[in-house]
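Letters A, B, C and D name the chains as they come in the text, with residue numbers starting at 1 for each one.
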Amino acid sequence: MSKGILELKDITKVYDNGIVANKKIDLEIWENEIHAIVGENGAGKSTLMKIIFGMEQPTMGKYFLHGAETQMNSVEQAIRSGIGMVHQHFMLVESMDVVDNIMLGIEPKKGMLMDKKAARKMVQDVAEKYRFQLNYDKPVSEISIGMKQKVEIIKALIRGAKILILDEPTAVLTPQETQELFVQLKMLTKLGHTILFISHKLKEVKEISDRITVIRKGETRGTFPTEDLEIREISNLMVGRDVSLNYEKTRSQYGEVLLEMKNVTSKTDSGKMLKNISFALQRGMILGVAGVEGNGQSELVEILTKRGESYDGEIRIFKERLKNHSIKSLRSRGLGYIPEDRMTQGIAAEETISDNLISTRFHSRKFGKRAQLDKNAILSYADEAIRSYEISCHGNDHIVGYLSGGNIQKVVVGRECDEDVELLIAEQPTRGVDLGAAELIHHKLLDMRERGAAILLISADMNEIVELSDRCLILYDGEIVADFHEPKNHSEQEFGEYMLGLKKQGE
Amino acid sequence: MRTLAAVGIALGVGFVIILLLSDNPMESIFNFIVGPLTKFRYMGNVIETAIPLIFSGLAVSLLFQTKLFNMGTEGIFYIGGLIAAIAGITLTLPAGIHPVVAILASAVFGALVMGIVGYFKAKWDVSELVLSLMFNSILYGVGLYILNYYFREESTVVLKSVPIKETALLNDILPGTKVHSGILLAVVAVFVCDWFLNKSKLGYEIRMTGANKSFAEYSGINTKRAIILVSMIAGFIGGIGGAVEVIGMYDAFKWVSLPGLGFDGALIAMLAKNKPKNVIFSAFFLAYIRIGADLMSRLTDIPAEMVGIMQGLIILFISGRMFLQFYRNRLILKEAEVK
Amino acid sequence: GCSTAETDSDAYKVLLLIPGNLGDKSFFDAANRGLEELAEKGYETKVIEMSQDETKWEPAFLDAVDENWDLIISGNAASQLMNSIAMDNPDHRFLNFDFDSSDIETADNLYSVSYATNEGSFIAGAFAAMITSDTSLENVNEEKVIGFLGGMDIPGINDFLVGYIQGALHVEPEIKVLTTYAGSFVDPAKGKELSLAMYQSGADIAFNVAGQTGLGLIDAAFESEKYAIGVDSDQSALYRETEPGKADSVLTSVVKQIDRVIVDSAEKAKSGELEFGKHELIGLSEDAVGLADNEVYQNVPEAIRTEIARISQEVMDGAIEIKSGFAMSAQEITEYKDSVKP
Amino acid sequence: MNIIEQLLTSTFFYSVIRVSVPLLLPALGALVTNRAGVPNIGLEGIMLMSAFFGVVGSAFSGSAMVGLLAAIFMGIVMSLFLAYFTLKLKTNVILGGIALNLFSSSLTVFLLYILTGDKGTSASLASKTLPSIRLPIIEDIPFIGAVLSNHNVLVYVTFVIVVLVYILLQKTPLGQHIKAVGENENAAASVGINVNRTRIISFIICGVVCGIAGAFLSMGYVSWFSRDMTSGRGWIALAAEAMGRNTMVGTVLSSMLFGFASALANILQLQGLPTELVTILPNIITVVALVSYSVMKSKGGRKYE
C-alpha cells in the first residue's frame, strides 16, 4: 500500500510533574490515509499529537518524517515541515477577528506593515476552496463554537499542512456539520493530504478512518485496518468492556412544573436571538433542546442562568418569577448547571478537586456549621464523588487543572448532579468525554430523572438527545420549529430537516 | 535546598564585588550570613524588623490571593501609623486599653479606605492598581498635612509629632531587645487569616472568587461582596501593621516619607506564594537578610548600598522557579523510570 | 560603612553615625568631609550610614558603644536618641554636630552645637532683595520678587525660610517672596520645574534649601538667565570645572561650616579641651554660617557687598533680632509666608 | 498674574509637555510589555540605571550622543536581565520587578560613589546634555510655536516613538504577535510564534523607551544624575498605562493628564496653597477621572438589565 510518511518509535513522554503520558509508543502513519487515534480520556492522545506537532518534546524515542530521523523542536519547524494541527481546546485569540486569527504568524506584509486586504483575500480563497462559510470580521469572542472549529481547520489548511492533525474536531459539531467535514476530509486525502483524526465517537471513527490506533494508559494496543474492527471491539480495546450508549428508559411519571417559559423574546439590539419561546419542564422529564449551534441555545441558557440577557415575556422557575431570583437563591433552591465551557465557568483550575466539588453548596450544613467549613465532611464527600464518577486522579487534593479534559468534565458533572439538585440545565454534558465516561454521565442523568428531577438537556450530539430525552425541542433561528414527544420515533433525517430550517412544525 | 543554592549564587555574585572592595572579605561575608545570630540583640533586631513585614505581607497576600493587584498597603501603613499616633497623643486611657484603641482606630480606618478601593473595583471595575497607587500618594499627602499643621513637635529640626503618651506604647517583651508585643499580634493575625481563608465559608468564597471569578459567580457566590470584603480585611490588617510599628518602635510619629513597608508586603506575599502561613517565614527571611546586610555594612567596610544590591539578587535567584530545574527534571525522570 | 582610615593603634578614634544616607548635599555630606579631614590628620575614623529608617539607629548606637571609640559623632534627627545613649554610657564621649532640639538636658559626656541657620539665610534674604531691586543688573526686572525652594514643609527648612523672608523685608519692605516645596529631596527634575515657574512668575533670584532637588533650581536659574543662591556649601564650586556658566548664576551660597566645627571639636576633644555637657548655638559671629565669598560674589556690585557686610555686622552685634522658624507654629509660618505673597 | 492667566500662557503648556515626557515614555514601555502579558514593575529601576549610565557614558566619552546610546543600552541590558529571570528562570514578574527596583536604586548610588566619591549627585562629572531644538516654521506660529518649539531633542524623539509604537502595535505582524502572546500564549505558540522571543522583544522595546526616559531625566531635564532621581515616575507610568486600559490612546492621554495635573500643581503652589495638599492634586484628578470614566462605561454597558 502507501508508504510511511511519519513514523514514531519508542516514544515516551514524562511531564514535568512526573506524569507519564506516553510509554514506548510506536506509530506509523501512511501517506494519504485517515488515521484515527482512539483511547480513553487521559490516555495520552493529545500528548502524542503535540509531540508530532513539535509542541512537546518526547522524553525518549525517535521521530521519522519521510523516512528521515528528525528532531521536531518547535511548532514553527513542524509547520514548515507541512504538519498542521487543530487542537482539542481552541487556540484562538478572542479579541482578534477571524481573519487575524487565521493569519496569525503568517501575516502578509506590505513593506513593514501588515497587509490586511491581502490577508482577507487569502482567507476568502481558502475558505471558498473548501466551502467553509466564515464571518471574517467578527472578533472571535463573538462567534459560535462551531464557527471557531472551522476557523481552526482553515488555520491549519492555509498553512499548507500536508499532514493534518485533528484532535476531536467533531466534539462540537452537529451531525450535519460533521458530515460536511467528512466530505472535506475525504477530498483532502484525494488532494494528497494525510489526516490524523481523534474522536471519542466510534461511529464516526468507523465511518471515516482507514486505520485505527488504540491507546490505553499511555501505551498502544496496536494499529488496525478499520474494516477489521467492529465498534464493539474498538471500545473493548479502549475501555476494556463493551459500551453501547443505548438505553432502555422506564416510562416516567411527570410531576410538577419546575421551569416554565411563556412567550419569551430576547431583547438585544443585534437582532432578537430568541423569538416567542414557550415550554414547560416537569419533574421526571428530560427535555432535550437540539439545533445547529448558534440558533439560540446559548441565549436560552444565558437567560436561565442570569447572565445579563434581558427579555420580554415570562419565565417561572421553582414557581417564582426568574427576575426575583439571584443566582444564589436559584442554587439554594436546587438548580444545577453544567456549562458548555467547562474551563471558564465550570471550574477553578488552580484549586483542588474537593474545593471544586463544593462550590455550589458549601453553604449547606453538611459542609460545616455556621461560618466554618468542615474539612472532613468535604473530603469524604469528594472521595465519594471521585469514586462514583471514576475520576482518575491522585486524590481529592489533585489540582483540577491538571486533570485530563474528560476527568475535568466529570468533576463538573459530579458537582451539578448532586442529590440536592431538582432542576438541572445540562449544556453539552459529555462534550469531549470518552465513551465510558459518557455512559456514566448518561446513567447519572437518567438516575436523576428517576428520582424526580427535571432536566433541560442542550446538546449537539443527536444520539445523546434521542437516547435520553422524553421530549425534544428543535431550535432554528431563535424559534421552536419542532416539538417531538417521543424523539426516538423520529429519524435522524427528520431531525436534520428541522435543524437546518427546511421544515417547520405546523406548516 | 534550592533556596540555599540560590542564596549561595547571590552571595557568590556579592562576594566578587566584596572581594574587590573589602580588605577583609571573609569577615564581611561572615557578618552577612551568621551575623544576626552572633548576639541576642541582633536576633531581636530580626524579630523587630519582621513584625511589620508580617502584617504587610499578610495584607498583600490576601489581596493577591483574590487576584486584586492592589498596592495600597503602603498608604494604609502610613496613615494607620499616624492615626495610631494621634490616638496615642490625644486620648487619655489606661495602659492596657490605650494601645488597643489606637490599633483599632487605625485598623478600622484602613478597612474603610481599602473598602472604597474594593467597592470601586467590584462595582465599576475601576483599576485597583491605579486607584491604590493614587491613594498611597493622597493618604501620604493628607497625613503629612495633618502632622505638620496639627501634631507637629515644635522647636526641632526634623518634622515629627509631639510625643505619644507612654500608656499607648506597646511594651517590650524580650528584655535586652526592642521586641514588642506586636509580634504576638502578628502571629495571631497569621493564624486567624489562615483559618479564615482555608477553613471558613467566607474564606472559601474569597478563594474561589480569586481562582476564577466567573466560576464563582455561577456557583452562586457574591463575588462583589467577596472583593469588597477581602479589601477591607487587607486594609484592616495593614492598619494594624502601621499602628503596631509606630507604637511599638517609636515614641512619636516620625515618618516623613512613605515607609516602604507596604511594597515590602508585595515582596513577602510573592515569596510566600500568597499563603498566610508562609508569610511568617518569608518575613523572617527578608528580615534576616536585611539585618545581616546591615551588620555587614555597619561592622565592616562594605558600603551601605550593598544591602540593597544583595537583597535584590537574592530575591531574584530565590524566586526563580526554574532555577536548578534541570537538576530536578533528572530526578523526576529517574523516579518515573523506577515506577 | 566606608572610609576607614588605617592608622596606628593608639590614634584617636572617631566614629560618625549618620542618621540618613550620604549624598544629601547638606549636613551629612559636610560631616563626612569633616571626618575625611580628620583621617588625613591621622585620626582613625569610620562613617556609618544608618539610613532613613529610624528603627535601625538604636542598634547602630548600641554597636558603637560596644566598641571603643574615643568620640562618637551624630546628631540631627538622632539627637534625642544620642542623648539617652550618652546618659546610659558615661564612659563614652559624644559630639552632636547638629543638635536638633533645645529643650532637652544635655548629657555630661556630650558636647553639642547647633547652627543659627536663620542668621545665614537672613543675610541671604537681604542679598536677594538687593539683587532684585537693582535693575541695572543683567536680566533683572522691575518687580521686586524673589523665590525660595524648600525640600519639604518641615521645621528645619522653614527656619531658613523665615530668616530669608525677614532678611528680604529688612532691606525692602515691599518685597514679594514666592515659596514652593518639592515634597522630596531627591527629585531635581521637579525642583527645576518649580523653579522655572518661580522665575517665570517674576523672581529674579531664588534660594534653594532642598538637597538634590535644589540643584534643579540652579539649572532653572541658568536656563532662565536669572540668579540662584546655594545652600550648605559653596554650590557655585560644584559647577566651576564642568559648567562655568551655571557656576556664574549661583551668586552666593549660605554655607554652614559643619566640617570645620567637627574638625575643631574633635581636635579639642583629643586635647581634652572640649567642654562636654555644654550646648552651643553658633552663627555669624563664630563664622559657622555665612555667605560664600568667591569670584562670582566678587562680581556683584560693590555697593551690595558693602551693604551686606554692614548688615552682617549688625546681626553679629545683636542689633537685629532674627526670627527662628523652630519657634513658630505651622500656622504662624503660613501667615508669615502669606504676608509676602505676590 | 492670576491662576487663569498663568494657565493660558504658552509656557504652561510648554511645561505640560516637558513634565509629561518622562511619564509617557515608561508608560509606553509598560504598554508594550503588558500587551505581551508580562507586566513590568521594574520601570523605575530601568530608568534609573539608564539615567546613570547616560551621564557616565557622556562624561567619559565627551559626547552626549554616546551618553544617550549608553542609556539606551543600559535600558536594554536591565530589561534583558529582568527578562532572563522572569522568562527563563520563571521568577514571578512582579517580584522580579520589585527586586530590580531595589537593586538599581542601590547599585546606581554604589557606582556613583565609586566613580565620584559622592553619594548624592554626579555634578562633578563633566557630563553632556542633549540639545534643545527649534522647529522651523512651527516656531513662528504664535502660541503654538512657543508651546511646541525649543524642547529638548528627546521630546521630539518621544513624539516619534509614540507614532512608532502605535504603528508597531496596530499595524505590524510583530505587534499582532505581541498581542496574541499576551492574550493567549498557547494560541500563539500553536501557530509557531516563539512566545519567549516575542516577550523578550517587548522587554527590549520597553528597555529602549525607558532608556530614553532615563537619558531625558539626567541629560535633558537636568544635567546630572542624582540618587533615586526617577522619584516614582515609573509607578506613575504604570498607573497611567493601567488607566489607559492597555490601549495606546488611553496611555498617551492618561500620561498627558498626569503631566497636566502636575504642571498645574506647580503653578498652584506659587499661590501659597499648602504643599502637601497641592502635591496630591494630580492623584486626586486621576482618581476622579478614572472613577467617572469607569462608572460611565459600566452604565453604558449595562443597558440590558
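Quick note on the criterion: a residue touches a chain if its C-beta (ideal position, glycine included) is under 8 Å from a C-beta of that chain, and two chains touch if they have at least 3 such contacts.
Note that the structure is predicted; figures quoted are calculated from it, not measured.
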Next on the checklist: Considering only chains that satisfy the touch condition with subunit A, which of them also satisfy it with subunit D?
Outcome noted: B
Checklist outcome for this item: Higher number of C-beta pairs in contact (B-D or B-C) found for B-D
Checklist entry - So which chain is farthest from subunit B, going by the mean of the CA atoms in each chain? => result A
Next on the checklist: Measuring centre to centre with CA averages, how many angstrom lie between subunit B and subunit D?
Outcome noted: 28
Checklist entry - When the C-alpha atoms of subunit C and subunit D are each averaged to a single point, how far apart are the two points in Å? => result 34
Checklist outcome for this item: CA centroids of subunit A and subunit C: separation to the nearest Å works out as 75
Checklist entry - Which parts of subunit B, given as residue numbers and ranges, touch two or more other chains? => result 141, 144, 148-149, 303
Checklist entry - Where in subunit C do residues touch two or more other chains at once? => result 2, 21, 152-153, 183
Item to check | Touching pairs - complete list by chain label | outcome: A-B, A-D, B-C, B-D, C-D
Checklist entry - Which subunit B residues qualify as touching subunit A in the complex? => result 199-204, 207-208, 211-212, 214-222, 329, 332-333, 335-336, 339
Item to check | subunit D contact footprint on subunit C (complex, rising order) | outcome: 2, 21-25, 29, 152-153, 178-181, 183-184, 186-190, 192-194, 196-198, 200-201, 211-212, 215-216, 219, 238-239, 241-243, 334, 337-338, 341
Item to check | subunit B - residues contacting subunit D, complex | outcome: 120, 123-127, 129-131, 133-135, 137-138, 140-142, 144-145, 148-149, 263, 266-267, 270-271, 303, 305-309, 311-313, 315-317, 319-323
Checklist entry - Touching subunit C in the complex: which residues of subunit D? => result 1, 6, 11, 15, 18-19, 22, 109, 112-113, 118-121, 123-127, 217, 221-224, 226-229, 231, 262-263, 266-267, 269-272, 274-276, 279
Next on the checklist: Looking at the complex, which residues from subunit A come into contact with subunit D?
Outcome noted: 53, 55, 74-76, 78-79, 85, 87, 89-96, 100-101, 104-107, 109, 112-114, 155, 159, 267-268, 308-310
